[in-house]
Amino acid sequence: MANSIRIENIDAAYGAVRVLEDVSLTASDGETVALLGTNGNGKSTVMKCIMGIVRPSAGRIVAEIDGVSHDLIGRSTEQIVDLGIALVPEGRRLFPRQTVEENLLLGAFRPKAREQIKKNLAFCYEAFPRLAERRSQLAGSMSGGEQQMLALGRAIMTAPRILLIDEPSVGLAPVLVSRTIDKIKELKEVYQLTVLMAEQNFTQAIRIADRGYVIVHGKIAFDGRSAAELNNNDLIRKFYLGL
Amino acid sequence: MTALLEVTGVGKRFGGFVALDGINLSVPAGERIGLIGPNGSGKSTLVNCICGTLTNEVGQVTFDGKHLNGLSAHARTHAGLARSFQLPRPFASMSVADNLRVPLMFTVNARPGTHLSAAELDARCAELLTLVALDHKAHRFPRDLTQVEMRKLELARAMAADPKLLIADEAMAGLSNSEVTDIVALLIRLNERGITIILIEHIMRAVMSFSQRLVVLVSGKKIADGKPEDVIREPEVERAYLGQ
Amino acid sequence: MDISYDLFINAVIAGLLLGGFYAAVTIGVSISFGILDIVNIAHPAFIILGSYIAYILNTTFGLDPILASLIVLPLFYALGSAIYQVYYQSFERRGQEALRGLAFFFGLLFITEVLLILVFGVDYRYVEAAYIGPSLRLGVMDFPLRMLVPCLVSLALFGALHVYLSRTFIGRAIAAVSQDQLALQLMAADPIRIKRIAFAMSIATASIAGALLIVIQPIEPSVGREYIGRVFAICVLGGLGSLPGTLVAAMLLGLFESFTSTFYGPSWAPAVSFGFLLLTLAFRPAGLFGR
Amino acid sequence: MSTFKFSLVLLAVGALVFAAARYVGNDYVFFAGYTVLQFIVLATAWNILGGYTGYVNFGSAAFFAVGAYTTVFFHNLYPLPIPLLVVIAGIVAGVIGIGMGYLTLRLRGAFFAIATLALAVVLQTLVVNWDFVGGSRGAYVIRPESVPILGNYINYLFLVMLLLTIIALVVARTIERSQLGYGFATIRDDEQAAEASGVPTLKLKLIATAISGAFMGMAGAPFPYYIGYLEPSSAFGLAYAVNSIAMPMIGGTTSWIGPLVGALVLGITQQVATVTISSAVNLLIVGVLLVVFVVVAPNGIVGLIQDRLRARSK
């Protein structure tokens, strides 16, 4: 059954500052879509609008979960997560004073996730052996790479159908970035997720993306219909570095 | 010639997360420096360690020939370091003009040999407000300001401390093109008055037009430091932004 | 020499039993202040309220005071739930908890105390139970049941809450809510609901702690004030919200007070907790087991 | 209005109040008036720390008792004139305030609040165990029948408290309009931003604690002569702590006038209620009013009036 997300013409502002202007994008069933752009251009705000953390001043956001459509605007964050949409937030936002295992179990708070808790936990430990080794260590004492793994694992524990990931590469050394990106691909395939990923690291993101959008100054500046189209590096350089 | 600000081997960890890893940075007086890097690269942590909001575990910060380690934040402000906050933090119960009066009274007047009279204080406030085009809002309260005006107030308050070095932490996020141009012009004017400025910014257009020198942080390490046009073409920087 | 050895051993025992009881008195504050960051200084007043309710049920129906406290537990839970709702709507949501939220709890503390004075006067009240009076003797060691029973009940309460907080979904969410509310929402949990449950639980513990208190000593309405210093000293020393830390800190304070009363006289005991609190705040604000 | 003019106005009002009380000639007016004035001083003192900087002190009773017991101490050692006792009490209480603050003010405000609450219990424990000042039995402080010029001793106490009230109000208003007042307000608004603007926050907090504590101690100094017999439970009464918080909160915390209004309204209500109903019930009224005001009218009576005026001017 289909799982997709569709954003139609949303505007968003923090106070008087307009952050998003007429943004539309979609992630269809089973797709991995990249939302590209440097910091401060509105990628995170798009994610926050989907999750009900920021309320758009105009436009519509519709998610289809297992074939049923839900209008997301007006719902609280916890209701949206409960529908089956998970966000790996910017900065990971783990619970630093709880152990790795407690963090993972917190992911399974929603009733639907509790049903699959054993299976998902076993999968997390299998996919991320480091987490299994460190299951009783405090999350706050782990390195950046391990924290990112835990954040991904915790999102998987919520048993999502659609997975949003905000800047998985933040604060990671290059070798860890590519490892994280590979893991996202693996998770997506095992769980047949629809993935929307906001990322600044263009080269890494398009390795696994089917399509992508480039967002500049709160507007969609480029809609890459295929990975090949996105691979036009000169264009991206122009958008990214202002060269 | 010794530098105005000398950061040597500064490191900071949060739990197991290494936020800053042996940062060295030397800022000569009068320079305009752009500090860039992806999110989470440690820019704000560095600012907080320099300004005394956080304490670095290792390394040394020297400003104007004085060791800053162990000095409280207000003492660093007195020494001539001023910063604006990434999210504006105005004094909500005070008028816009009074917000500027605070650093004038507590920093400028606290320096030996300066004592501004009440009239001089008023004049300084008015001058600063004109500089950032907020003079018509002098008696309003921060809650009446737009986000843009709030950022200008934040900058003006940092300038009111009459600093030798001004650190502007993302003063332009969320501003329109013309507003960004305004603020860049304002910062350049300040620099021409002799204030050294470190600008932390994501908007590349602003950074490139402002900076005489560009420093790039990635994952808590400094990976590049030099002329902006050169730095931006360094493969390592391109990789940090575009990935590899 | 024999006598002072006996005295010493019994001071240790009395201290540990007292410390066990202090753990029950503090656990509510460990949840509200330590975990939720709600500075509920009225907690000791609710404990005294619990004592008086146990007293009424004991004197009118002859109910065992501890059993009585379990019966009224749901009422305390409901009271806590209602107080949190007012606190959230009036202060937390508006970001005014620092000044007005504190004054609010201070007002509740005061109202509870004055109401109890109006109803019961300032005479000391006590309860009747089989275990008040007799002692268990093991050689030179003396275990007064009046202290032993509350200590055991307290440890049981402590253990139950510890298991609840670490093994259940709601319990883990309670521990998480003060760390990152938004992250908790991303786990599909409503942080306000979680906090309300936690705060209600913290007030519910006051019911049991109150019954234990009146088993240990006769009470009058202002006795609660002596416990303000104690509970916050233990809570801070134990590392704010760490249950094992709270237990160790409670035992330590119990021992110190016991030694103070044995060797200097009981009228000095209340000052011990304050010394504890001030030294902790000055030198180790993160507590013994700092997080 | 300049501070000088303001002081003159207050002195004139004070003189009028005193003359009016003399005219009525009933001792009860002086006894009741003394209590109301004492509350004005306590509320104003509390507000210098609590209202201006946002740090809550629950230990007003402790500072008040320090003042009262300073008097008892000297009464037993070598009796001094009341104005001198007021000064000494102010110094002792101020020093205790600085000590407390130094240990706790670097931490979050809640810790300071809790520590002040515990301070009351400990000082009470100390006094209970200190036989020289009467211990738990309490101490008799026999007041002279009369004083020169004024005659009646209670008139004298009333006059001392009236002057202290005027000084407290002038100090509070002067602070509010001085650099110190700006500094206090920045602490209340945002301490990190204050530090970044060069405000030495810890030093200012200690100054506020010292001034606030000193005035509470001064308010307590004449009390033993007023009451005649001082015992720990009356000097450390929770009523002082709750009134010194409730009065500014109900009146309004941002300026000197709030505590004055709150103390007048609550103080007079309590005097009336004590006579007509009972003293326990009037304490209940204070507690309930405090809770109702912090929930419903966060800016107090002064805030309500300002809102009304603003609405009308629009």
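First chain written, first letter: the chains are A, B, C and D, and each begins at residue 1.
Definition applied: contacts are C-beta pairs under 8 Å (C-beta built on N, C-alpha and C of every residue); 3 or more make two chains touch, one makes a residue touch a chain.
From a predicted model like this one, the values you see are computed outputs, not experimental measurements.
K.L.:
Name whichever of B-D and A-B has more C-beta pairs touching across its two chains.
P.N.:
Between the two chain pairs, A-B has more contacting C-beta pairs.
K.L.:
Select the chain at the greatest separation from chain D, using centres from the mean of Cα atoms.
P.N.:
A
K.L.:
Could you tell me which chain's Cα centre is nearest to the average position of every protein Cα atom shown?
P.N.:
Smallest centre-to-centre distance to the global C-alpha mean: chain C.
K.L.:
Using mean CA coordinates as chain centres, what's the gap between chain B and chain C in Å?
P.N.:
48
K.L.:
Could you work out how far the Cα centre of chain A sits from that of chain B, in whole Å?
P.N.:
That gives a centre separation of 32 Å.
K.L.:
If you average the Cα atoms of chain B and of chain D to get two centres, how far apart are those centres in Å?
P.N.:
43
K.L.:
Please work out the Cα centroid separation of chain A and chain D, and write it as a whole number of Å.
P.N.:
Chain A and chain D have C-alpha centres separated by 57 Å.
K.L.:
If you look at chain B, which of its residues touch at least two other chains?
P.N.:
Correct list: empty.
K.L.:
Viewed as a graph of touching chains, is the assembly arranged as a line, ring, star, complete set, or other?
P.N.:
ring
K.L.:
When you check every pair of chains, which ones turn out to touch?
P.N.:
Touching chain pairs, listed by label, are A-B, A-C, B-D, C-D.
K.L.:
Please output the residues of chain C touching chain A within their complex, sorted ascending.
P.N.:
Residues of chain C touching chain A: 166, 169, 172-173, 175-176, 179-180, 182-190, 291.
K.L.:
Which of the residues in chain B come into contact with chain A in the complex?
P.N.:
Contact set of chain B toward chain A: 14-18, 38-41, 146-148, 150, 170, 173-175, 177, 202-205, 208, 219-220, 232, 238-239, 241-244.
K.L.:
Considering only the defined contacts, which chain C positions touch chain D in the complex?
P.N.:
33, 39, 41, 86, 90-91, 94, 96, 98-100, 102-104, 106-108, 110-111, 113-115, 117-118, 222, 225-226, 228-229, 232-233, 236, 265, 267-268, 270-271, 273-275, 277-278, 281-282, 285
K.L.:
Where on chain B does chain D make contact in their complex?
P.N.:
Those in contact with chain D are residues 51-53, 72-75, 77-78, 82-83, 85, 89-94, 98, 101-103, 105-107, 110, 157-158, 160-161.
K.L.:
If you look only at chain A, which of its residues touch chain B in the complex?
P.N.:
14-19, 38-41, 90-91, 96, 138, 140-144, 146-147, 167, 169-174, 177-178, 200-205, 217, 233, 236-237, 240-243
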